[in-house]
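Following this message is one structure expressed as structure tokens.
Order of writing sets the chain letters: A, B, C and D. Residues in each chain are counted from 1.
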């Protein structure tokens, strides 16, 4: 259950996880990116019509501002990254932004998590021992987006992917896919189906990182491939 | 109970009733005018900051368009009168327009009525014998405006002001004031207080027009005076 | 590339089937009624539609009567080529149920097409106030189950509905409407489906947008760019865009 | 003549009393927080406030930590003169209850001012998701008693709330919030109180507007004219206007 039991094989960095997640995006998708790893997905959206949604009411914005001249202090992601406009962009108030979320108008939300169960239960708003939480927009997103993908680093942290949550639940049975540093796992009918693994990782290696019983995909387990030549996608073996 | 029992005294025309109603408007008021007589109140708003509200989402518009050049086919009252913009005007969607109404942000609504009871119950959406009704925005307005004023012609029509409604009720206990062709009646705690009468009308004359017991205002009954020299405000005696 | 523009109104409404529930934007006589799309639906052989509309009392036969009834004040006349109001579908016998705020002409000498249908026994009318109708559609768009409104409690409109008191005031539960199709009218669209409206032609159109499983809009113009801060209806609420036959502002 | 402009922020907030319920517009780190008005409230000797805000985890002491925690990506820094977040009022001990979506910093090494207050036992936190918080405030503005949302059913957030099923899905009743004061930030106002916002600084400001018995806005500019079709907040929702100390767009 510790990283020392892991094979001497590479793993995905936070940016690498974001690259893998973004490869699932399709032209026309409306997608909300949570703070942290999910927001890194925006690095990989160029000219395609993928509409990114920031829950404070900005939809379809362009890339991150690169120079001070491009920065408009009133135009930023929910994570406060300055962004530039782009045709098709639209601004709305917070209530409408959540009408969009709750009404099922988002194709997918990419979230971080403290913990996910094999049933797809998500915990990401209340740390054990805390007196309060930070639920933000996560509960609306997790309950209502058509598809919920969680970015998860399995390697450095224990008890991330579990049989039953031992933290406060954000939303029940909502997570469709985990994209982790070692592979891609789909949650279907209470089972954890391993679709892809990082080269060098076997199902048995992966199994050591979680108490959840991992099941190989019936069509076989593919290798994770990243369509990018950035040099910050992989942790060395 | 018929007009023939009335004194040979003048009465207010539809325009006259509208003039009297509009004299109660105060600078800064937000006021919805229903179709019919109420809409005629707009004839008497000049440069004051009285914000007229049309329930399809136009607030604070200017006067009626006078020439074809001034007509914008997309800018009209709910009664389809072409109007012109004016500083302070704002356009909103229908849901927001009714949020404004229902949230108690209107100072007054001026409505027409089939029937009003001495309790202030209003009937104005379903004619006896009809298979359906036209409730429109009247129910939201009657339930939620801070003040409900009804424009009512008592003279030509029987059973307009009654002890109990015999038509479908739009809203209970909502009407604050009746401005009629013969005077002004306030409805307070189930009593009909006559505040003003048209010159030539006595309380006894007025009483013949309704089954409701009329009560003279404790400060005395004033004469209706109209601040306008238009020639279409009064029906001759 | 996202491009929601469809070649014709006929193509845009081709998958509407008999028995469908359809919400329409627009308000009585003022511009903003999706006339082109209503005409295209009228040209199809449909039955048993449930229509949701602010106003559905007038058919084409009655179209002139509304504006004329204004006591001599100026009003905006119908264009010569006419407008196709929602009530036209009832006139054609396509409608078995209407959820609406004006189902009648309130004229004791003349029945509107829905009223005539009720007298025949083949149309049902669910009358509701405009504020509550808007909230029910907004619930559809916004993924809410329903709202409690004080409006209608103790009247025929509130009959049979759940009542709950807030601060001692009775409120009526009005539940979400999620039609199969939402049919609206706007001024300009971009290819993504973002919409703006002209002045008072906005009405219920942005409220109906996104309430349906499929939302179809007719616009006067498709433009390359709309100011993100001026857009009223965000693109995810719109599925198909067609050009309107009735171009009031663009000539 | 309508003119809602008030001379100073101090004057605008002078009638807020201890024990008041106050809703604030604005969202976490992005512009749109009514910093000038919060500073003016902070300068008054108030106690037992109930605050309603999207984010209230950070005080002034923690103001820098949010932006810095972005994994090396660029972010918009605080201005040198600082911003006064809602949490500053908690830092000063003015707050006894917070209804909020971010009450904590989710950082096990550091308590925000509300968290510290809970540990001391003199602050209560009601945590709620952003969508539900917005709907509760919208109910306040729109005269609704409450809404049913599917969000939160079966979780700590839904505990103790009324549950009703729609199409078999459990929904939570979220009730209206009608604060004594609504405190917001906008870009431009006219003298009537119509408001527009800049891009992503809109956030919860138009949602909070009109929810309170009194709504106070700080703006960067008061202008003679706003395009009626571009106005986001209609004037009846606004009672008082003051000029902001923090003028991001107007220099």
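Heads up, the rule we're going with is that a residue touches a chain if its C-beta (ideal position, glycine included) is under 8 Å from a C-beta of that chain, and two chains touch if they have at least 3 such contacts.
All figures in this text were calculated on a predicted structure; none of them were measured in a lab.
Peer 1: Which chains does subunit B share as contact partners with subunit D?
Peer 2: C
Peer 1: Could you compare the number of C-beta pairs in contact for A-C with that for B-C and name the larger?
Peer 2: When the contacts at A-C and B-C are counted, B-C has more.
Peer 1: Can you tell me which chain lies farthest from subunit D, using the average of the Cα atoms as each chain's centre?
Peer 2: Checked the centroid distances; the maximum from subunit D is B.
Peer 1: I'd like to verify one number: the distance from the centre of subunit A to the centre of subunit C, where each centre is the average of its C-alpha atoms, in whole angstrom.
Peer 2: So the centroids are 39 Å from each other.
Peer 1: Please report how many Å separate the Cα centroid of subunit A from that of subunit D, as a whole number.
Peer 2: Each chain reduced to its C-alpha mean, subunit A and subunit D end up 28 Å apart.
Peer 1: Rounded to a whole Å, what is the gap between the Cα centroids of subunit A and subunit B?
Peer 2: Centre-to-centre distance between subunit A and subunit B: 58 Å.
Peer 1: Residue numbers in subunit A touching 2 or more other chains?
Peer 2: 91-92, 98-99, 101-102, 144
Peer 1: Give the residues of subunit C that touch two or more other chains, as numbers and ranges in rising order.
Peer 2: 135, 138, 142-144, 149-150, 197-199, 228-229
Peer 1: Does the chain-touch network form a line, ring, star, complete graph or other?
Peer 2: Contact pattern: none of line, ring, star or complete.
Peer 1: Please give all chain pairs that are in touch with each other.
Peer 2: Those chain pairs satisfying the definition are A-C, A-D, B-C, B-D, C-D.
Peer 1: So in the complex, which bits of subunit D are touching subunit B?
Peer 2: Contact set of subunit D toward subunit B: 1-2, 138, 140-144, 190-192, 194, 210, 224-226, 228-229, 231, 234-237.
Peer 1: Can you list the subunit B residues touching subunit D in their complex?
Peer 2: Within the complex, subunit B contacts subunit D at residues 27-28, 30, 49, 51, 59-60, 85, 87-92, 96, 98-106, 144.
Peer 1: Per the contact definition, I'd like the list of subunit B residues that touch subunit C in the complex.
Peer 2: Answer in residue numbers: 14, 36, 39-40, 54-58, 64-65, 71-76, 78-82, 85, 91-95, 98-99, 101-102, 125-127, 129-140, 143-144, 168-172.
Peer 1: Note which residues of subunit D are touching subunit C in the complex, please.
Peer 2: Touch residues, subunit D against subunit C: 135, 139, 143-150, 164, 166, 169, 171, 175-176, 196-199, 228-230.
Peer 1: Which part of subunit C faces subunit B closely enough to touch in the complex?
Peer 2: Residue positions touching the partner: 27-32, 54, 57, 66-67, 70-71, 73-76, 101-106, 108, 111-112, 114-115, 118-119, 125, 127-132, 134-135, 137-138, 149-152, 154-157, 187, 197-207, 232, 248-249.
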